[in-house]
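Shared between the two complexes below is chain A, which pairs with chain B and chain C, respectively.
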Partner chain A sequence: MQSGVWYPRWYWPSFTITGIVWLTVLFVLPAYVVLSVAFGAVDFEHFGQPVPYYAPWWWSFSTFNETLTQFYQGSAIYQAPLIRTFVYVSSASVICLVLGYAVAYFTARCTSKNKGLILVLLVAPLWISYLMRIYAWQGLLDAGGPLNVVLDPFGFGDTDFLSGLHITVILGLVYGYIPFMILPLYASLDRIQESLLEAGRDLGANGRQTFWRVTFPLSRPAILTGIVIVTLPMFGDYYTNDLLGSSKTSMFGNLISAQREFTGGSTRMASLVLILSVIVMVPMMYYLRETRRAAERGA
Partner chain B sequence: MSVALETRVEATQAEGYFGNPWRRPRILQAITAGYLLWSLLPVVVAVIYSFNAGRSRIVWQGFSLRWWTDDPTDSILHDPAMRSAMTQTYKLAILTVLIAVPIGTLFAIGIDRWHGRPARGANFTMLLSFVVPEIILGVSLYILFTNLISIPLGTPAQLLGLTTFQLSYPVVIVRARLLTIGPEYEEAAMDLGAAPGQAIRRILLPLIAPAVMASVALVFADVVDDFVTVQALQAGASSETLAIKIYSASRASPTPEINAAATVMLVTTLLVVAGGLLIYRRFNRGQTVAGASDFMQI
Partner chain C sequence: MRHPKDMNRRQFLTRAGGAALAVPSLGAILAACSKPGETVSGSESPSDIPIATLENPVTLPMNRDPIAADTPPESGPLVLYNWADYIWKKKVNEFAEEWGVDVEITTFNNMEEGIQKVSNGQVEADVFVPTTNYLRRLVKDDLVQPLQKELVPNISSVWPSYSDPGPYYDVGWRYTVPYTIYTWGVAYRRDRVSDDEAASQGWDALWNNENAEAISLYDSYGDTIAVAILRNGSLEVNTGDEALITAAKDAILQTINENKARLTINGVYAKLPAGDFTVAESWSGDIVGAQWYLPKDVEWDVLGYWRPPNGQTMIGNDTLAIPTAAKNPRLAHEFINFFLDEEVGYDNFRYWNGYQPPFSSIDPERLIDDGVVPPNLPMAVVTEDMFKEDLTPYELVPEVDLLWQQAWTEIKAGA
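And now, the complex of A and B:
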């Protein structure tokens, strides 16, 4: 602060100390323990309990390697879920983007007096439990349920939507995460000034050209943010598949949650969490960089 | 000949609609309306079926309060497992708010004024905890508590985990508010003779109160809805929350009792968030749009 008041050097840092200690012990330290378990040993005499190696110079990669080989060697039981995860996450994000863009664009350009109501309805799903929303779909999709009845004329009367269909899980992911896509898109599209669009038209562009050469480029950062915000939780998702799919549609998150059933699952879980962290590192870092840039622009 | 003419007339009419910059965006309107229906109707249906008289959640068998109050064992009012889940849910929500919001608010104030490399590192770590997929955090804490630090799974572990995950919400909300306020009010107070501590208590805290209230509402609602962290750190039936009940029942054969439990969650979170928004608006007259967008940023 630039006022005439002098603050001791420790004054403002002292406000943050509880938060820093909290994060160090319960956010940074757990990450380190995960490394120590993943690069530690396994006690086979005690149900495969992990034996963490806390000193990095003792780290051995045999346990971790064993997990890694499951992705490409032998029966490669982890390979299919990994590939599925990438396919599901990318198709679900593309659908989220296309549908979400249309909705956000309409809402941002909407001048009706109902705009407030539309906004409330767009935000509402964020405050409805994710599990409840997916549970609601489970009921609708159940064998003999409403969707079978409604879609009977189209030949889906006997389809078991919950038997492990790719499309069910993908649409479930879209349903679950699309509100997170719409909000940043709306915020960005709403900020685009009408005068810019008018300028585009005055310069001779038609509606489509104005969109592709003015609106779309201006919303590009929001598109990337939106994609990151929806893909991050999708990569760790296991409950959508647990409710709407089967083992035929299991994802990476299911590999992790399945380890809970075993007494010695901790070691495998640590290795898998480590792999997942590496996968989401790029989108996460992108998001953090963008947030910092936005803050710098604001300041 | 006349066919060709007709096609041309139709073509120009179509072009007339699409070429008109002031046309009503009927297609987008239809997509938006369809989206809203698609996104909310299933939830409405689930709420309605909590009043079903039968055991099914997909075949309507008449209205009753069986699953809410009437059934002596299987209604959410009387089912001991459901009552314990409700207690656990709200206990965790209240305790998390009580811990996370003060720590987060103080962190936001400090990090707003403290510059330098360590401050940037702390801020980065905080934001990282904001975006990291919940399963990574939940499982890491599970591994921490079962290996290095012995924290009993169940309520203590869940509380620590939820607070860690929620800590960043008040930080982000309060910081956004601090950026819009700027340092001028405090400086004026100190020019008028207030000590730094007084300026914080009497000027800054009232100014950020709406953001703090918003954080309280959002953290509470988020904990009630939380599933991943709570499940990763639970220990048996006594630490199950409503979300876990929905999850485990949905994998067996759910009755409308689960719909009723989900409805309870829905009503509490929506009421709390709406209440938070109203308080926010009361404090920020004339800034409702900014307030709403603050809420939406999260």
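And now, the complex of A and C:
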């Protein structure tokens, strides 16, 4: 394998410089600032502006601890939104997966010339701003709106979908994030070689068995990717609920955004951001572990 | 020597990590930062300027001299930093034409955002529209400049309380002129709630189960908690009493949970005219402006407005001020003077804004005779007496503000 070409020690690592600069400037530094704000003070004489403590030996954990205890102590005012967020995100992710898988499977297996068209149509909604699309949903879901008319025979004629219903917010989340589930699934399903499926059939498996024993296992990494891609932003989502829900369907992101209005709210806001980051790190770690395992298996 | 094929992925990452550490370390940058001062921690406020109240009017210190009266007009563009939809563009354009400059309007969503961007220089505004409870701190930080009174002769338009001696928050109107004045009350649909019913229910209309699913409260903690305090029978709209604040919070949660009341910011002018709401917590300016949002087939007399009797009404006003960093201070003075012109200010109010300027020339009867305020909204008119006697939201001290914030966070968390 030796090519005989000599490279200095720093040659290959140097290729990571762009990535490192990017990560440092756009992730590490901002994350550190958030940390310093959360563990800093507030200057109430100057509009409650945050006074970040950059040096760890000055850090003060009082606001952070106070914020944390609000999750489980006393009236535990942050608990309900946290639980809600978990329920909404998991339901929406499962729905995204089921619907998205079906669509991606159909598109990948669709042999006609329309494949490209289907893909374009899937991506088309993304050309319109999310805000505009959710406003359109507001019109559809409004009391006495089209959805009420359509669902009237089923007894939903008088349901005010915008009055803070769990189902509406979950629907909004599914609608907003499903394209990001479909695309990785499609990319994966499309790459599964026909010959593998044929081999499965040759060996006597019926259609269903081929799917469960060949297609599905091969698409597992994509399922995981899709779930991570939709789950992480959903955890921090607040505008879906702002536009389609009410205070009764507040999510974690709404807790954070509510602090914006408050003088001196930034320290609490940063503390909540930290807590959320730790929470989303759990699925992220699982994903990293799984992909590494898959890579090792593949190797 | 080494070729990447000899290197497994983990080694590669380790090296990449090493390279990352080689980037000038954060510690070095941090060491350069000085230790944060002692005065900033906690909520201790070494305030040299006291918080202004009606009982304790405050004369703000002069941080600097106003600009000279003969300062030549700048070439612009003049930057106005304002709430969205809070000034009539047609009048702004007239000003621009008169002075031969461009006027740029930049907007903020809430006062916190506006203050932050003015104080950190993100927006270099020539004219700013602060609420009165932020003024003390703006002056303290030298973020607004004293007005050159010779350049604002139209101050004669406003009520004497605002010009001589000047309002409690800025005696001698050193830094501000009033822009609009408004009360808090209940807006209602007269086709569903009669005037008599509204008058007898008062604030309780917002808690009435008959209006369930059609009640709007402002999504703004200072406003709605104060209203709930009034509804609970107290007049302490700046209270630091935990029991009153908790009772207000419980009341708000009650109407949200039992009557499905909604927290909105445009409920009065965007949703009530369309019939989505029957009753709504309302600033008087919002309900006057709501007439422009009525659907075609709905008559304007469906709109009603109730506020408590004099002495128990909550009243507030917004101001115009010139930031210290203004690049066009002379033009800014002219702009302020322009909108204090009786005709200009009146037109801005009657044809567009809905928020009343405190002009002496405007009396309640004239407003109704001129058709500015619909005859069905007599209580939306604000008079000078009210400014002297009624309840006013003040700046809350940090400890009290925190209690209000916590109560509101609990409401927003959907307990």
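Simple rule for what comes next: the second predicted complex is superposed on the first by the 246 of 299 C-alpha atoms of A that agree within 3 Å, B and C clash if a C-alpha of one lies under 4 Å from a C-alpha of the other, contacts with A are read in each partner's own complex, and residues count from 1 in each chain.
Note that in this section a residue touches a chain if its C-beta (ideal position, glycine included) is under 8 Å from a C-beta of that chain, and two chains touch if they have at least 3 such contacts.
Note that this is a predicted model, so its numbers are computed, not measured.
Once the two complexes are laid over each other on the shared chain, residue contacts for A:13 go to chain B and to chain C alike. Touch criterion met: A:249 reaches chain C, while chain B stays clear of it. Chain A has more of its residues touched by B than by the other of chain B and chain C.
When the two complexes are overlaid on their common chain A, residue A:80 makes contact with chain C while staying clear of chain B. When the two complexes are overlaid on their common chain A, residue A:55 makes contact with chain C while staying clear of chain B. Contacts of A:46 after superposition: chain C is touched, whereas chain B is not reached.
In the superposition on chain A, contact of A:159 is made with neither chain B nor chain C.
Once chain A of one complex is fitted onto chain A of the other, the partner contacts of A:262 are limited to chain C, with no touch recorded for chain B.
In the superposition on chain A, no contact is made by A:90 with either chain B or chain C. Residues common to the contacts of chain A with chain B and with chain C across the two structures: 1-3, 5, 7, 12-14, 16, 19-20, 23, 29, 54, 295. Here chain B touches chain A in the complex through residues 18-19, 21, 25, 28-29, 31-32, 35-36, 38-40, 42-43, 45-46, 49, 57-58, 103-104, 106-107, 109-111, 113-114, 118-119, 122, 124-129, 131-137, 139-144, 146-149, 160-161, 163-164, 167, 171, 179, 183, 186-187, 190-191, 196, 221, 224-225, 227-228, 242-243, 246-247, 250-251, 254, 258-259, 262, 265-266, 269-270, 273, 292-293, 295-297, going by the rule given at the top. The touching residues of chain A, when paired with chain B in their complex, are 1-5, 7, 11-16, 18-20, 22-23, 25-31, 33-34, 36-37, 50, 52, 54, 99, 102-103, 105-107, 109, 118-119, 121-125, 127-133, 135-140, 142, 144-146, 175, 178-179, 183, 186-187, 201, 206-207, 232-233, 235-239, 242-243, 253, 256-257, 266, 269-270, 273, 276-277, 280, 284, 287-288, 291, 295, 298-299. Interface of chain C with chain A (complex): residues 1-7, 9, 12, 15-16, 18-20, 23, 26, 29-31, 33, 35-36, 39-43, 45-47, 110, 112-113, 115-116, 119, 134, 137, 140-141, 213, 220-221, 256-257, 260, 262-263, 276, 398, 401-402, 405-406, 408-415.
Residue ranges of chain A in contact with chain C, taken from their complex: 1-3, 5-7, 9, 12-14, 16-17, 19-21, 23-24, 29, 32, 40-49, 51, 53-55, 58, 60, 75, 77-78, 80-81, 84, 143, 160, 163-164, 246-250, 254-255, 258-265, 295.
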